[in-house]
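Pasting the structures in now, so scroll down.
You will see two complexes here that share chain A, one where it goes with chain B and one where it goes with chain C.
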Partner chain A sequence: MSIEISGPPLVSPWMMLTMSDARNDIDKDKIVIPGQAVCDAPQQFMRGHGTYIRDGEIVSSLSGVVQQLNRLLMVKTIKQRYAGEVGDVVVARVVEVQAKRWKCDVSSRLHANLPLGSVLLPGGDFRRKDVEDEEKMSEFLKNGELICAEVQQVQHDGTLMLHTRNNKYGKLQQGILIKVPPHLIKKSKKHFHTLPYGMAVIIGCNGNVWVTPALPETTVEEDGSHVHEFQIVPQDIRLVMIRVAACVRLLRDYSISIFLNSLTTCYEMSQPYDIKELSEQETSSRLAYLITARLLQELQQQK
Partner chain B sequence: MEVHISDDEKLFLIHGVEQDIRNDGRACADFRPMILERGVLSGTNGSCRVQLGQTTDVLAGIKLELEAYDPIAEKQPKQPMSFHVDFSANASSQFAGKGGDQYGEELSAAFQVAYSRSLDIIPNLSKTQLAAGYRWKIHVDISVLQWAGSVPDACSLAIIGALSDLEIPEVDVTPDDGGKVSIVLKRPRIGGDVRDEEVPVAMWKLIVTSCPMLLTVSKIGTANLVDCSPEEECCIRSQLLIGVAKNLESTPESDDANEYDITCVKQHGGGLLEMESIDDMTKLATRTAKGLYEAIGNRLNTEEKRKPGHSFLL
Partner chain C sequence: MNSIQNIQQVLNLQIRLFIPRFQLREFLTVYNTLSERCFNACARDYTTSTLTKDEGSCVSQCIDKQMLVNRRFMLVFAEQAPKALFKQGEQSPTEAIKSAKPEQTPASQTTETPTTMSIISEHGFRIDGRRPAQIRNINTRLGLNRNAEGSCYLEHGNTKVLCAVYGPYEGKASKRLEDRCAIVCQYSTTTFSGLERKNRPRGDRKSTEISRLLEKAFESVILTESFPRSQIDIFCEVIQGDGSNLAACVNATSLALADAGIPMKGIASAATCGIVDAKPIVDLTSREETDLLPRVTVSGFSSIILLLHSKFQLATICGRDEVILVELQNRLHIDHLSVVMDAAKATCADVYECLAVVAQQHLKACAPILGH
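Our next item is the complex of A and B:
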């Protein structure tokens, strides 16, 4: 039994970040708030997203960082809901079962759609398109279940159309879901990672990180039945999963971007500590500081 | 924040709990790290804010009232504390409108029961009875600012913190005409050319080392847990609210069972429990209470005084 009551933290995570070098490469002039002029010479530029023209000046309508693309100026907010791009891997939760589609929560502004036709049935069965089939299909995914999918299309209003037409996508089984702000996810070629510690992690572009004993494709048998469904996860694997989950939370709390390298670095550096300690203020802030230093060093070496 | 989790996630969580490994690395009897600060509201006589695991956030404030009552109608002195728990709609969308009212009333009632014997439990609480017909009434108001599980535990810690922060003015009671009494604030003479009104009023504090606590003990699978996260609360079979108070008459040598009194047991939500499980759960509650009393005692002794007039928001 461990019970600890302390005072309010003396150093907040964002204060710690200003102390580290991690944020020094952002030009302070490029950070704007609503109503602030974006550039000095408005005649030479065109206004892009997040800006408007007031008295001949290009002014920001958001708070964020100014980005320049040739002559186009736009403001990108730092913290916002997930916008979605075609090809993104997302981890979504089914919130509504409708006649011809599933509605999924992807922590975007609107719920995403997963049409009945866009799923791959276990074992590669073909569907006959009738009412009976629709009823059976709606039992395939139930309310509250987690799926892993790819964004197939972004509609005009920002609704995402998902598909799971690949063996690696589909229903997720046992594991831990951690929600992080979507901007912390670093886009990369691979979002499915089998870690060398005996478990796997899916880093969804929408900010949902899924920590699981094994990736979906490996749990589906040839005949499509989920044989591992009710198996108890062994204790050693469970401990590793929980440590990885704690690492993701630590990276989230200290606004460190989440990708394979940062996760494994955090995991390796967290080894001397108990999993419980990782959520404690003192340990986590020290660890976060060391991790950012290590990641920066690696980045500079690559350059 | 209503939490939906899938059956497979629940399965993983329940298996883990039965192996004494929770999803955040804690064991079943562990609490999340807690933060407690006192003197956070300048408009109250005593206040305290408790944060559990950086999410559940509870604010307690105490206001005193000089109450006149009819001494003939009330033979037995009444318990002077009253509780009110309010769930902010900011804490979770499920508390919007009247959503949190029922749970709030349920909790206030539970605290009322747990503190019903407070005149016996808190050694110097009877000092609030000033004279026949006059007493201090202690209004404890609790606001839940953020909700992420185990609100009753956080509330009871906040109440103890606020009670320890509470300063009650010393008064002089002098007999007046017609069997009445007049009550005047006591100002110690400090000499010098200071006017009487500028001398600070003498204050006294309650002894809180034995204040009752309300603890939630939940049954998930076959395991008993304290301090559940929202995900864990989805998997709860049944939950007990157990009020525990330190027994002042017990000696340190006596065993745990006598050292702590159970002041109330209440089931929250649905589910059935065997008699045996209830026994186990109350035992866990007393063990937890022991740790909590130690932790809160340490914190209250070591806390530095906050500058007056500074709110916790700053």
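Our next item is the complex of A and C:
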């Protein structure tokens, strides 16, 4: 194997960081680290999430940005493990099959629960789940399988309850999974996107991005098993998928937030390069810089 | 038969020719090794062209010691070699040397001077040229490990530490606590980190002790109650150990935790402090930590590692410093305790300033572009 030694990149990561426009919404004075006082006049404020009181002073317990809501001061973390919210679309991995429920890893603090009652089974929504279904649970979903689900409920201890009571949710079969830090995912109305390049992508709120030839359409046969036939994906589609996956990784490496527009912009602008070039530092740093500039320009035009 | 005799003659000739050359080479090797060792051990003040008083005495003592060792070695060799080569009844040549030896050794002992190398030189500098209360350069990089929630690479001079924080996640059921999160720490050193190559990078008594110390320290820093039934893993690896390893690990871990966005009371900072001639020295290197250097201190060489977190940022809460971990190695006179504590606290404050700047810079860099 040959080793390639390159010079320093033309656009260093630090140049990316100093793009003041890109982060102008973050006031530098408002960034706090744990143990740092949040405000100058503690008597006038109430302490909110991410703060505690030490010697009559409001002090941050998190590393993040100070937010103020009237008289309430709170600290919102910039980087954190996924904490679920109701309605989030997540891509999860089944880790355990228990009685009447599956345990799923959603890269959250605790494993999420997917109750047997919350999955789509033959017979429609009103069908009662009986003992037979319980016995067949590991036929529906086995350990290690990927699913796409929605957060139905957040319990008081932080455990997420998932459901897949919709055709668009369910087992994921053929595709590429890319893990990104969850803070890079931008929440939007849609997280299922069919891209105009002949493939689709699911941007899970928990930081799992699923690149797939087609969105899952769970159809359930009368005998209860999920019908899914492995298809041979044509080579051009596969190449597109790999390019999209490379784009997601590029956005992750330069901490550009991931949503439909940034992904398609990245894809369009990466066209002049080979896919393997996208992982090289020189190309990727230049590309990231240009993408950020383009996205900012679009944002300003909208305003 | 003729040919065999010829070969023997040739061999004899060769041995006769080679032995002087061999001896010369042997002598040169011994001489070079000796001068290099003594130079490395003693010479350390490069500001003057001549040897200082300390260095001079050290060199002479070093040479004496090396020569004694050599002599002793030769004696043993001379005694053992004939036994192996000749029959036992024959007289070995060591008897004569042995009889001469007891006369000489007391003489050499009396000439030995009691002066030894001090850790602080006569000009007030330490071995690496620092002042007693000066810390080494701190160099950090955060967020290197993509798979970990938070990670940090930290250098204190030549001490290099890599730290990764995973979690909080749903860990093993055996470690699960119902009211707070469990903190599991693993301290390891690379096999090439120290002066001697190690076979076990982790799991030995010392590593286990340091792991437990780190766990206990960070249990009091992290707000564990906010993550019931979860687990946080902390991995610290010393890539190069040049003293103050534990302190470097604490500093690296607190930065990694800040990077991971885990709620804490504050950023912990740590410092090592020792005492020589009733004077504190901070941020010890491995040479200052080891017993290799001779010391004149009566109380012995002690080092305190103490950590305090969240140094005050505002002048109003000046003096508010909370100690989360104290480790004392060797013995320390009680009168020196307050001196060492004060020096270590002051150093912790210095280190905290460095860490706070790094953490804040990194946070800004972490924020996603076009996030909101």
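What we mean here is this: the second predicted complex is superposed on the first by the 264 of 303 C-alpha atoms of A that agree within 3 Å, B and C clash if a C-alpha of one lies under 4 Å from a C-alpha of the other, contacts with A are read in each partner's own complex, and residues count from 1 in each chain.
Going forward, contacts are C-beta pairs under 8 Å (C-beta built on N, C-alpha and C of every residue); 3 or more make two chains touch, one makes a residue touch a chain.
Only a predicted model underlies this, so the values are computations on that prediction, with no experimental measurement involved.
Chemist: Based on the shared chain A superposition, would you classify chain B and chain C as clashing or fitting together?
Modeler: Partners clash after overlay.
Chemist: Taking the superposition as given, does A:295 touch the first partner, chain B, the second, chain C, both, or neither?
Modeler: second
Chemist: State whether A:256 touches chain B only (first), chain C only (second), both chains, or neither.
Modeler: Only chain C; A:256 stays clear of chain B.
Chemist: Considering only the touch criterion stated at the top, classify A:172 as touching first (chain B), second (chain C), both, or neither.
Modeler: Only chain B; A:172 stays clear of chain C.
Chemist: Once chain A of both complexes is superposed, is A:106 in touch with chain B (first), chain C (second), both, or neither?
Modeler: Neither chain B nor chain C is touched by A:106.
Chemist: Quick one: classify A:38 as touching chain B (first), chain C (second), both or neither.
Modeler: After superposition on chain A, A:38 lies in contact with neither partner.
Chemist: Quick check for you: in the superposed arrangement, does A:74 touch first (chain B), second (chain C), both or neither?
Modeler: neither
Chemist: Looking at A:90 after the superposition, I want to know if it touches chain B, chain C, both of them or none. Which is it: first, second, both, neither?
Modeler: Neither: A:90 stays clear of chain B and chain C.
Chemist: Thinking only about the overlay and not a real complex, which stretch of chain B clashes with chain C: 97-105, 133-141, 169-177 or 223-231?
Modeler: Clashes occur only in 169-177.
Chemist: Help me check something: in the complex, which residues belonging to chain A touch chain B?
Modeler: The contact residues of chain A facing chain B are 1-9, 93, 95, 142-146, 172-177, 229-230, 232-233, 235, 238-239, 242-243, 245-246, 249, 253, 274-276, 278-281.
Chemist: Spell out the part of chain B that touches chain A in their complex, as residue ranges.
Modeler: Those in contact with chain A are residues 4-9, 11-12, 15-16, 19, 21-27, 29-37, 51, 53-54, 157, 287-288, 291-292, 294-296, 298-299, 303-304, 312.
Chemist: Taking the complex as given, what residues does chain C use to touch chain A?
Modeler: 149-150, 167-170, 223, 227-230, 258-261, 263-267, 309-310, 313-314, 317, 320, 356, 359-360, 363-372
Chemist: Flag every residue of chain A that touches chain C in the complex, lowest number first.
Modeler: Listed in rising order, the residues of chain A that touch chain C are 13, 16-17, 19, 22-23, 25-26, 28, 31, 33-37, 50, 52, 54-55, 57, 59, 61-65, 77-81, 107, 109-111, 157-158, 183-184, 186, 254-257, 262, 292, 295-296, 299.
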